[in-house]
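Listed below are the structures to be examined.
Below, subunit A partners subunit B and then partners subunit C, in two separate complexes.
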Partner chain A sequence: MNVLRRILGGPVGAILLAFFLAACAMLVAGVSPADGFQALFIGSLGGKQQIAETLVQTTALLFPALGISLAFRAGLFNIGAEGQLVVGGLAAGAVGAHFAASTPIAVFVLLACGFIGGGVWGAIAGWLRAQFNANEIISTLMLNFIALAIANYLVSGPLKSSAAAGAETAPLPGSSWLPLLIPDTRLSIGLLIAIAAAIVLRWVFTRTVFGYELRAAGEAPEAARRNGVNMPRMTFLALTLSGAIAGLGGATLVTGVLHRFNTQLSPGYGYTAIAVALVGDLNPLWVCVAAFGFGILEAGGLAMQALADVPKDAIHVIEGLIILVLAARRYIATRAEGAPI
Partner chain B sequence: MQDVLLSLRGICKSFPGVRAVDGVDLDLYSHEIHALVGENGAGKSTLANVAFGALKPDEGTVETGGNRVGLVHQHFELVGRLSVWQNVMLGREPRRGWSIDARAARARVVDLARRNGLEIDPDAFVDELPVGVQQRVELLRELEREPAVLLLDEPTAALAPAEIDSFFKTITALAQGGTAIMIVTHKLQEVIAYTKRVSVMRHGKIVGRFETAKTSVDEIARAMVGGDLPQVAQREPVVQTPCFHMDQVSAGSGSTAIRDISLQVNAGEIVGIAGVEGNGQTTLADAIAGMIPHAGTISLVDVGMRTGVIPQDRHREGLVLGWSIVDNVVLGRQRLAETRRGVTIDRAAARADAQAIVKSLDVRAASLEVAVKTLSGGNQQKIVVGRALLGNPQFVLAYQPTRGIDVGAAALVQSRLIEARNAGTAVLLVSFELDEILALADRVLVMYRGQIAGSFARDEIDRARIGRLMAGSAS
Partner chain C sequence: MSSAAGVFIATLVTLTLIKATPIIYAALGGVISERSGIVNIGLEGMMAGGAFTAVVFSGITGSPIVGLLAGIGAGALLGFVLGFAATVFKVDQIVAGTGINLVALGGAAYALMLLYNQPGASPQVNALGSSYWILVALAFVCALVLHAVLYYTPWGLRVRACGENPRAVHDAGLHPLALRLYAVILSGALAGLGGAFLSIGEVNIYSDGMTAGRGFIALAAVIFGRWTPWGATGAAIFFGFFEALQYVLQGSIGWLPSDAMQAIPYVAALFAIAGLVGKVRAPAADGIPY
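Our next item is the complex of A and B:
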């Protein structure tokens, strides 16, 4: 009984409640919730292609969500994962278009480019915060716009492929593509890299001295500062690594899915990932589960629109409701907690 | 004529793993001060919170008969960036149309402070005030609601002797005006001096009820610990060699700045810094801990020497409250070779260290994995102290090491400090409780307005003269 209550009281309960509220919204809109949800689940889990597509979305969300988790754990609100992901993708795409090597080396180099690119973008905010105490919420958000503007300029100008009609880089040579995980789908081994990243991140958080200092800095900055944690350095490193992980995500999208860079790389993964990280309680393994859940919503949303005539935006309503319910539950739980003796 | 203004019957309250309050009956009468005393974790704060209504009891009833109950918390709940009057009136601001009638609100606070004999600057920002004055703000905030019953949780824990006197003058006057007052405390001299009745709590139960006039410190203390008082360790003769130096050190600014402080602490010596709070002690400690820049030199005889710090504010500076005992024992030592295995933290070693601290300082906790925020203040402090003394440091800075903890816990903490001294540790002790300084220190330095106003070896201590120096009157 207690176990059940704890599970329902956590994210699962929030998700169920969000679905219930979404069903109410569908009823009001004159759509049968049964049809809507059926379309959602068939569209996301109904077959090999659908499952693969869900996992593609999962991968795309997982990298920035892990990066965000790292920053949030350090007490830094990095909401610039979107820009970091774009810069990472841009770095991979720009280098990849003019670079050829045998497969493992080429892929490795491009992923490293993404990691470094995103890292640099995160490092800018980290440096501003560490050096001038510039609020990272503002700076990371602003850097998103700068990243997109720069990417737009480069793919419409200097990096524009002469062969392509739209604004995008030249396609990557086949040797630079991430191998597929499931043949004849869009799912690459990027998923495995993301899961490996989550496992490494969990190890860093729970086992390493660096992770210990990072969590201390996030939970009790003054105690951390007085107990040997170099706070400016930690701020810089946390935002840099956070950006690097998001940038790695951008590079996996380029090398694993699009095989070129364009500014449609991300339909806002970096923003949705904030919710993914929070639903996953900033715990890397739960973030994987949360990313899968959001992957279902992202992939199933289109099917819902096509099959049940529920607008795709309804998915964003559900995502929003999940966050709202979770936030409310956390607030209630905090209030109900007894005072210490 | 005395009336019962608050009546508790059969109160039980449990937290995960502990039965904090276990079947307590208690009546508070008008026109008197009632003391609730007890060891760490005896359930005093929990009981006060139940009486106030902040916690719902699992069993039992709280009968207030419609009387208003006020509670002043042990840890202040003030908004640092607001002024004194804004804090006092918070949530009950008088209005003028859509806006706050600032002038009326401020006037009310000034009047309230004057009527209760509390000296305060209504426009000062709370986070710039010393703890003793913040206490007054907290008290004023409760008084503004004109409570019939006033509960005070460890009200004098951070006050200087003179402040304590004036504090009790205020609440004695309140009691004479008819308010029922209960103070939760562990300072038995205050209990004897100012209260009418005493209730002693142990393990969640009331184990003794006394009329103050008919009891003694000794009797209360024995009831608290359930037997004889723990003895503080004996000091042993130690060969003293130089260990820690400060030479012409200046730091900080404003009223808490320190100027040209020179001192030396030898190995095997406890040097006590006596003084009223707000005379630069915090600045001194921060300069030594390397938290603020300073002029002059601060040095250990050998740079490789190991140091330990017992910080002023265990909640903010010493612990990560949401973490387990084991994780907190690592804090500050996470980079030491003994705590690491390569880039990872050696959990087994950390557990062993935590186990050693729990054992040597008698920390009461359900397990090593419970969050330290669930422990009582005394048990939290024991963890901070035990951690600072791990690995036999050559130099320890102890800032108010027994702040807000009870007799038994304080005796243990003091014993460990003396034992460290006997083993050759140099200890710099900062305390606002003169009794503690006199009990522990081999040498006493008096700090006044950021400077050392006097120095006394243990065999030439003159309490009256130290008191005068602390107050700033001529030597």
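Our next item is the complex of A and C:
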């Protein structure tokens, strides 16, 4: 009984709930759930292109969700993955437009730019928290909008491509593109990088001293501090790394999918990723599974609208409700003393 | 002063007031919620919910007043959801607030398709017309009333005590969870009113993304205004001024691009939260479930 309760109260329960809510959304729209789900799954898993698109969405969600998991594990509320992803993508796009080298080197350099860009954006929040005890929830949230404003300014001004009609950077040379994982689709090896990142993150959490201290800082901050964990340093590092992972995601979107930077890079991946991280229980490997589930929703949502007349925005309502339900579980150990919100 | 400059200044002042009004309402909502100890990240969603519902009900009944009341009700309902989750289920307020935003913004887009079968924007409905000036004035009345209630009534004292030390409120024989719930419902109602002002006050439709981050700007105003009604109102006017400036100047003045102006509220809040513009002290129990 207890086992059942644990399973249902966790990610599995959330997924069942998602199906139930999706069925409700379909019924409200006057569509039988059978037709709706059929459209959803045909649109996301019905063929090579559809599966590839689902995995593109999975990749886009996985990076920020891993970053968020890392910060949450350290007891820090990073809701700035969206901004960190944008800055990472912007850094990759800005450098990539003016940089040519042979493929492995060029791609590596651009991904590093994204990693650093996102890292800097996370580091600002980390520094503000470590130095001034400025609550990271507010700072990361505000930094999202600052990132968007900067990106808007740069792509419509200094970085605007003279060739493009819209506000975007010049396209990346072909040598800077991430190689495709499945030919003739949009799916690049970014997916493999994301999965590798998840495996590394799990290793860090479970097998390294840093990971142990990070989790200790999140779960028992007072005990961690008394046992010699340098809390300001841990705060700074956790938020920086968290941002860097999200930024790496932005760079894979630029080098793997868009091949340029524009501000339509993310339709809110950084916010949806909060749900992904929570459904995945902040455990990197489960987060991969959760990202695939949300990838199905994101990719299948459009087909659901086209084939079954269920507005695709239902997907976001479902995501929001999942977050609301999962909020009841305790994720963030109270590191609240002293940090004004 | 030349008459051209006079017209310019009059336009700027007028627009500042109009642009500040929805932010003032939402920011006042943020103040009362946070003073009771609940962080309301969901202000943005509550504004969108209010804006959308106001249009729907104005469309059905033909009366913008009914629409306005429905908008307030929708905000209050979302406030109730957050408050109920945060008090009875003791959920993480930030996570729940993020959920509220997704549900409200996605729900409005979803319902837009279901009700009007068109994405992006609703049809035109009856709006408040020139009487929306009453709402502009009412925003300041609300600030005054909230100030009076928070600082000069027993209820206000209790709400503030909830935000500082809910345990003490409980020991005094009161119900901190109930007080917090009422505060968040009121918070949602104010944000809903701000949203309704956007949709049936300034214009006469709801369009996706119309709140455009104003709920988050309001959150910034709460912090920049140091959790007081007048401070938040002042911050909202300050932020509204820069929004108005962008309209009046048609984009940018040479050295200050409009994107930079859009970032001003967020940068200001960042400075405020870091304590760089004077001492900032949030309610001691803000964000902590009781």
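Heads up, the rule we're going with is that the second predicted complex is superposed on the first by the 313 of 341 C-alpha atoms of A that agree within 3 Å, B and C clash if a C-alpha of one lies under 4 Å from a C-alpha of the other, contacts with A are read in each partner's own complex, and residues count from 1 in each chain.
Here is the rule we go by: a residue touches a chain if its C-beta (ideal position, glycine included) is under 8 Å from a C-beta of that chain, and two chains touch if they have at least 3 such contacts.
All figures in this text were calculated on a predicted structure; none of them were measured in a lab.
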item	value
Partner chain(s) touched by A:Arg225 [first = subunit B, second = subunit C, both, neither]	first
Touched partner set for A:Leu143, first subunit B, second subunit C, both or neither	second
Most subunit A residues touched (candidates subunit B, subunit C)	C
Touched partner set for A:Ala23, first subunit B, second subunit C, both or neither	neither
First, second, both or neither for A:Asp313, with subunit B first and subunit C second	second
Which of subunit B and subunit C A:Ile182 touches, first, second, both or neither	neither
Partner chain(s) touched by A:Leu324 [first = subunit B, second = subunit C, both, neither]	second
Which superposed partner A:Val289 touches (first subunit B, second subunit C, both, neither)	neither
Subunit B versus subunit C as contact partner of A:Leu45, first or second or both or neither	neither
Where subunit A meets both subunit C and subunit B, residue numbers	340-341
Touching residues (chain side subunit B, partner subunit A) in the complex	13, 15, 18, 20, 41, 43, 45-46, 49, 54-55, 289, 291, 309, 311, 316-323, 327, 330-332, 334-335, 340, 343-345, 373-376
Of all residues in subunit A, those that touch subunit C in their complex	25, 28-29, 77, 79, 128, 131-135, 137-139, 141-143, 145-146, 149-150, 152-153, 156-157, 271-272, 274-275, 278, 311, 313-317, 319-324, 326-328, 330-332, 334, 336, 340-341
Of subunit C, residues touching subunit A in the complex	34, 39, 41, 81, 85, 89-92, 94-96, 98-107, 109-110, 112-114, 119, 213, 216, 219-220, 223, 257, 259-260, 262-263, 266-267, 269-270, 273-276, 280-282, 286-288
Interfacial residue positions of subunit A with respect to subunit B in the complex	207-210, 212-213, 215-216, 219-220, 222-228, 338-341
